[in-house]
Amino acid sequence: MSISIQDIIKEENKVFSKTKLLTDKVFSYCPGCGHGVAHRIIMEVIEEMGIVNQTIGVAPVGCSVLAYDFMDIDMQQAAHGRAPAVATGISRVFPDKYVFTYQGDGDLAAIGTAETIHACSRGENIIIFFINNGIYGMTGGQMAPTTLEGMKTSTSPHGRDLHQMGFPIKMTEIVAQLDGVQFATRQAVHTPSAVRKTKKAVKKAFENVKNKKGVSFIEIVSNCNSGWKLAPVKANEWMEEFMFPVYPIGDIKG
Amino acid sequence: MAKIRGAVVVDVERCKGCVICVNACPTNVLSMSKDVNGKGYSFSYMENPEACTGCMSCSLVCPDVVITVYRMKVNE
Amino acid sequence: MGELRLMKGNEAIAEAAIRCGCDAYFGYPITPQSEILEYLTLQNPEKTTGMVVLQAESEIAAINMVYGAAACGKKALTSSSSPGISLKQEGISYIAGAELPAVIVNVVRGGPGLGTIQPSQSDYFQSVKGGGHGDYKLIVLAPNSVQEQYDFVKLGFDLAFKYRNPVLILSDGAIGQMMEKVQISDFTPRWTEEEIVQMTGSWATHGKPETRKHNIVTSLNLQPEPQEEHNHHLQRKYKEIEDNELRYEKFFCEDAEYVFVAYGTSSRLCQKAIQLGREKGLKLGLLRPITLFPFPKKQIKMATKKAKAFLAVEMSAGQMVEDVQLAVKGKRPVKHFGRYGGMIPMPDEILEAMEELIAKVEKKEAKKAQKKAKKKAEKEAKKQKN
Amino acid sequence: MTEEIIIAGFGGQGVLSMGKILAYSGMMKNMEVSWMPSYGPEMRGGTANVTVIVSEERINSPVLKMYDTAIILNQQSMDKFEKSVKPGGVLIYDNNGITHPPTRKDITIYLIEANKVAIKMSNTKVFNMVVLGAFLQVKPIVNIEDVDKGLKKSLPERHHHLIALNEEAIRNGMAAVQLVQEAA
Amino acid sequence: MGELRLMKGNEAIAEAAIRCGCDAYFGYPITPQSEILEYLTLQNPEKTTGMVVLQAESEIAAINMVYGAAACGKKALTSSSSPGISLKQEGISYIAGAELPAVIVNVVRGGPGLGTIQPSQSDYFQSVKGGGHGDYKLIVLAPNSVQEQYDFVKLGFDLAFKYRNPVLILSDGAIGQMMEKVQISDFTPRWTEEEIVQMTGSWATHGKPETRKHNIVTSLNLQPEPQEEHNHHLQRKYKEIEDNELRYEKFFCEDAEYVFVAYGTSSRLCQKAIQLGREKGLKLGLLRPITLFPFPKKQIKMATKKAKAFLAVEMSAGQMVEDVQLAVKGKRPVKHFGRYGGMIPMPDEILEAMEELIAKVEKKEAKKAQKKAKKKAEKEAKKQKN
Amino acid sequence: MSISIQDIIKEENKVFSKTKLLTDKVFSYCPGCGHGVAHRIIMEVIEEMGIVNQTIGVAPVGCSVLAYDFMDIDMQQAAHGRAPAVATGISRVFPDKYVFTYQGDGDLAAIGTAETIHACSRGENIIIFFINNGIYGMTGGQMAPTTLEGMKTSTSPHGRDLHQMGFPIKMTEIVAQLDGVQFATRQAVHTPSAVRKTKKAVKKAFENVKNKKGVSFIEIVSNCNSGWKLAPVKANEWMEEFMFPVYPIGDIKG
Amino acid sequence: MTEEIIIAGFGGQGVLSMGKILAYSGMMKNMEVSWMPSYGPEMRGGTANVTVIVSEERINSPVLKMYDTAIILNQQSMDKFEKSVKPGGVLIYDNNGITHPPTRKDITIYLIEANKVAIKMSNTKVFNMVVLGAFLQVKPIVNIEDVDKGLKKSLPERHHHLIALNEEAIRNGMAAVQLVQEAA
Amino acid sequence: MAKIRGAVVVDVERCKGCVICVNACPTNVLSMSKDVNGKGYSFSYMENPEACTGCMSCSLVCPDVVITVYRMKVNE
């Protein structure tokens, strides 16, 4: 007995749909960009935990500057790199709320290095989401501190030369060393299983906030297919081949 | 014998044609359209609907959260 | 009413914050204002009023912590001195752009660069014209006593919340370090979470309840049209502030022929100079702007009716004097006198500078009178001839 | 009544806190007071001074060029402030370490060997209180009860047992001050 | 002479730096000026002229790298846009205080806060009055074409070294992004180490040889007296700059009754407005400050002889207009017209604004004339009566 | 045969005297402060290597802001925390010179965190001297990021409370992780043997610069007896007892 | 001669580079040129436009409200810029994706089905060159040799082999442009 | 027998009386003066000069670099 698709597409059979905590606005991200999946997972966890009325997010300057347009929660937009300081301000005056930042690698690992390190060292009770795409997506694909050796960007057009431009930096390993950090992990969102693992990590992070455990730091290695000048699927393959060896996936602390 | 059947609905106007879902589907259900939507993107659709198991792989990786997945047990 | 205390200007700010229901202070040490943070950490108000006190890793972090706390509808304070305030400019521009209420204290020292740690007033332009980027204005309060250091914290928060605009308290090393009597007020409890939601629910981030849309605090507009609209709105607000919030003080102005314009520490020095001058029979007065934005333009313009000349006295190479000139519009001579780089001018120097100005003006007047008399005489002579 | 005072000496001599106690005492007497310190980077061995004004009227300028009284406790301060005493005003100094004693004729000069007095009291920490005593003997703008109240206000509770000692130092200072020269 | 090229304003800056013998560029990406760094990294001049190009971790790092390189007597350049320039304010104040030569480019975008990335001129005050702390001045050059973007880099370094003072090139998103023809100059070789020692040996840090005392670059004075002396010195220098380095341009001013004052992009828009206005028979002119500090005060004052009114046109809520008012000293009406927040006013809007001003002035004049006539008539009547 | 002191005090018997690269100015430091010894060693090495005409130092904001008054070499004074950026600027335009910074813990580990991390990550060919006294000496003894748990300072008057004020941070361990750092060590200058070891490290650092090896990072744990409110000798004892366990002496990398 | 042109369409249509080639060509003819793009955050799918002015005189304002010619390549741009053509001016458009064709009567309107032409050439990348051809047919302000020189200047060496293809596209565009309406 | 004898010269006016040298001397040569110098500091001096070996421990730790050390071999 063959069954028609119409028979399957029924409310009672729905197993996956967009969380209510994402607004109706179309993401401003490029086709295939990992930011969207990361947004979704975070919002799903907040929805599942029922904490939307206690959650405040901080958007950075970067492609995700408009995260507040897509995440249907109270949000603040922070100056470039300063999201951890802004989150500190929030969390200190609202010690019982869930506060998170959502930052790119330029934002978190370049201009915002001091704010990142010190929010972590103080053990602020917050979550830092760190989307590492090895490039400055928003401003047109400039080199980031996390750009790989030899990688071409608009400000390393002949490839990143370590001697001239310095070495890639591993922020998650660095913050993992700080006493204020409870949980540090590196994940991805390009495959179903990666997404599942990342979501688990996100959940753990929010639990940590609930239990006032200090900083949870979740790096998500993600593609910037536009900046990398690769089609999305190719970009994800490139990411596995070249990014993961330098930024290996897995828990680093906690 | 009981079998799991699935189906997905792609919000065609919001699909950006990134092909990531196509690539993620373990049973090669999805394909990209020849036509384009209002934004000029070719979009994802079920080319082999009967192969869909409702495993959600596609929806989990869709960056624009435009795939809704349905699943049911059917006796065949 | 609370008691009378002898306090340093810096301590007065800290005590006022605790007592006026301030929710959080974020700061970084720098002379001559470190006592603010030191006093607060000693009092540790987190245990009493619940006010948060945090030493940030930098001035930039501090101003951005203020941004975060203020965007929650909380009363957030920061303080620094000149180089540290320069570092906060981006953050201040953000706070102004996002229309957040916050109080920022600058206990000014001599610049530029690392400069000296001695008192100065050389950050006037930065405070009043906008040291950060874009068209924005701070409400700028200029205390000239320890009591006002105390009072302006509460006033600052009142104004900041009334207009959702950052307020700058422009102090200097002298007021920050000196001790005077202060009438302490009773404790005003911090707003409860319900009160905060009630007062700031329309814009602040407290966590989105079912009952409203999500609140977003941002200063970004991808398109220029809404950004211009936002800027229009800001300009209208600044106009409103100019209309409603001007504060100034007159000192012996009724019969003054020569008027000092001075704020903060300088205004105290001018008062002494007036005293010394009046003893000599000079009709001197002082117009003291208490708010630097809004600036008492009209009052100065009106003063031109009686006054023959103005002397702007500032511990700077001449900054506020431009605003006096803009107000006077060429109707009367406006000169500047100042010591700077950390030097405080003595009242007798100030008097001397005024006497010089008087001499010049009178010489000119005498010349004019002479000319007039000559002309008259000529006319008469002509008449008689005819 | 307005009394404009400068107290100047080494950083470690308790110049600032002596000024503070004077200001507190004035406040206890319901007078207007201002206390304006010199301040500098935290490096030892520097000089310190403080301008204290005690007045029945509202105080305008907290800094001054000329003073009613200068209390001078080292040579550098002597060099700097002898000339800043108003004609007819008072200069009080401790001669320990002073190589060039004051030479002006138009001011009244007192000597207080506060260092000696303090050593005699076996407590060099009361040095500044001895000086304060000398000043109060010359210019009784506040009385010793006000000073007591001032001390209570300015000292933390746990130091209140020192008040008696301080009072003794003040009285010793009062007794020890010597007129060197009447203003010409 | 080099060739003629079609270039973006941002690229012109980069190419000019390479060709004028610049030693180092330190910058951080920000729209709308990232092409400067991108162009430089593409050219990779380290391999040709030896010029260093480094993407810093932040704007603050970049300006402090400039400080370090400039203090070696090297030609160091940085660029950013509004929020990034706000972050550099402490560093700029240090460079001014330590008297270092350096060129800083601000390709202005709309603020405050994150604002928009569209062109604006709302950082005038910050540039001209001192966005950082303390009494200092930058030499401010305002290009209005891609050619000037190119030319002002060399000019900037010349002035910076002549006066040991930072030079700011105040550009905006429009000039930065547009393409025009540029006459490229030949390569000027970078100074050799001997030349550097010769030119800057009296103050710069190259490593102390036996033959001189150690050189110290600092802006600190623990005591206020030397700091004041240093500030006097700076003020004298600024006076000298005002006397010698004023640059401005007149456009149809000879017979102009109504004068635009505008710099940068706005001045180009005004030129078009003048063209449109002249077609209608309106006697319009433009006074264009090329240096914003020094500002053409005297030239504007002199223009009051012929001009009936001034319209300051800026892409801001009104900043430079104050300097025009200060120059005019109430002698003539001075109004402001501007769009802001990233909006560019169109030439016909500008013309409209001017026409409004003209109408107002003429109405007033007519009234005055009427009054005068009336008075005269009355007098006559009186005379006749007598 | 007894010999008189005068016989010993002769030019030819001189085994230790002040290096010529220290000026005649009296150090502005408090009695017993470690800054003086650190200054001396660095100047001695420069003298011994004969590189004064190729050396440029960068003074920070902190008690050592006046280092340029004491070190008889070309020097620049940097804005608070920015010395590594200033040194980068110098070293990039003078790639063959010896460039070093001399910074306190407030300067280097608080406001200057980003500049420190990135100069290290880029592998600038410079030396960073890091005087860690666990406090802000210059401004009157405020808490530093390196202040120990429970330690009283003017901004932690009741002792550093980790929950409220965050954890002490170990900068040398952090920068040792960065690829641009060739040599990272922690030393002291309070005993003769400590001084000897530190001097060796200083020498090695200058050799590294000569060989263009990237960053040499030398932490010197030192007393701030004024800030700690202890007599100098007591301060050094306290340092051994309490600072060294948290900041253990020894090479960390290279 | 002054020609003030706006070219507007989707980000991916080569609007900016078409303007650039036009500007280069003008420069090769020794004329004054200005090229002023819209610019925005790097997000796909947005609209792009560029104002190109080619003139024998010095160009003052690089931005304009009204244009001699508008070249319009999508509906959003049509909505925005149809009204900005000077009366008597020219509007050239590609009708692919245009739902509301231009309605003004006081301007001359041309249609260029550039998409079709490009597809026929089996190279959608030359789309913008086809449009450029259409424009040059209507307004021969530069001739094809100038464009060749312009292409050489604007393309990197390694793309010079494409010049012939581009020229072909331009010629095809010239041939394909159709007059829709003469200005009333 | 050959023996090493040492001596130190303290620049008294520059000594800040920190006592660190006294503490560092392995043979207890040094002591602090009862008098003070021009800056008001008690200063270090050789109380037991004959014990000095010229080991330089004092000079190595003296924060103000005010100790000069001399050393010679003597035959006793």
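Read from first to last, the chains carry the letters A, B, C, D, E, F, G and H; within each, the first residue is number 1.
Keep in mind that, in the parts below, contacts are C-beta pairs under 8 Å (C-beta built on N, C-alpha and C of every residue); 3 or more make two chains touch, one makes a residue touch a chain.
None of the values given here were measured: they were computed from a predicted structure.
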Starting at subunit A, figure out the least number of steps needed to reach subunit F through touching chains. 1
Comparing E-G with A-C, the one with more C-beta contacts is A-C
I'd like the Å distance between the centres of subunit F and subunit H, where a centre is the mean of that chain's Cα atoms. 25
Here the gap between subunit F and subunit G, centre to centre from mean Cα coordinates and rounded to Å, is 64
Centroid from C-alpha atoms only, then distance subunit A to subunit G, rounded to Å. What do you get? 41
Identify all positions of subunit D at which a residue touches two or more other chains, and write them in rising order. 40-41
Could you pull out the residues of subunit E that touch at least 2 other chains? 31, 54, 57-58, 60, 83, 90, 94, 98, 113-114, 117, 218-220, 222
Tell me, which parts of subunit F touch subunit H in their complex? 1, 3, 5, 7-10, 13-19, 22, 26-27, 29-37, 40, 189-192, 195-196, 231-233, 236
Per the contact definition, I'd like the list of subunit A residues that touch subunit F in the complex. 110-114, 117-118, 121-123, 145, 162-163, 165-170, 173-174, 177-180
Which residues, counting only subunit A, touch subunit E once they are in their complex? 61, 65, 77, 79-81, 106, 110-111, 113, 136, 139-140, 142-143, 145, 154-158, 164-165
Spell out the residues on subunit C that touch subunit E in their complex, using ranges where they run on. 60, 82-83, 85-87, 89-90, 93-98, 108, 110-118, 120, 122-123, 125-126, 129-136, 218-225, 227-231, 234-235, 316-317, 319, 322, 325-326, 329-331, 339-343
Residues of subunit D that touch subunit C when the two form their complex: 20, 23-24, 27, 32-37, 39-41, 59-65, 153-154
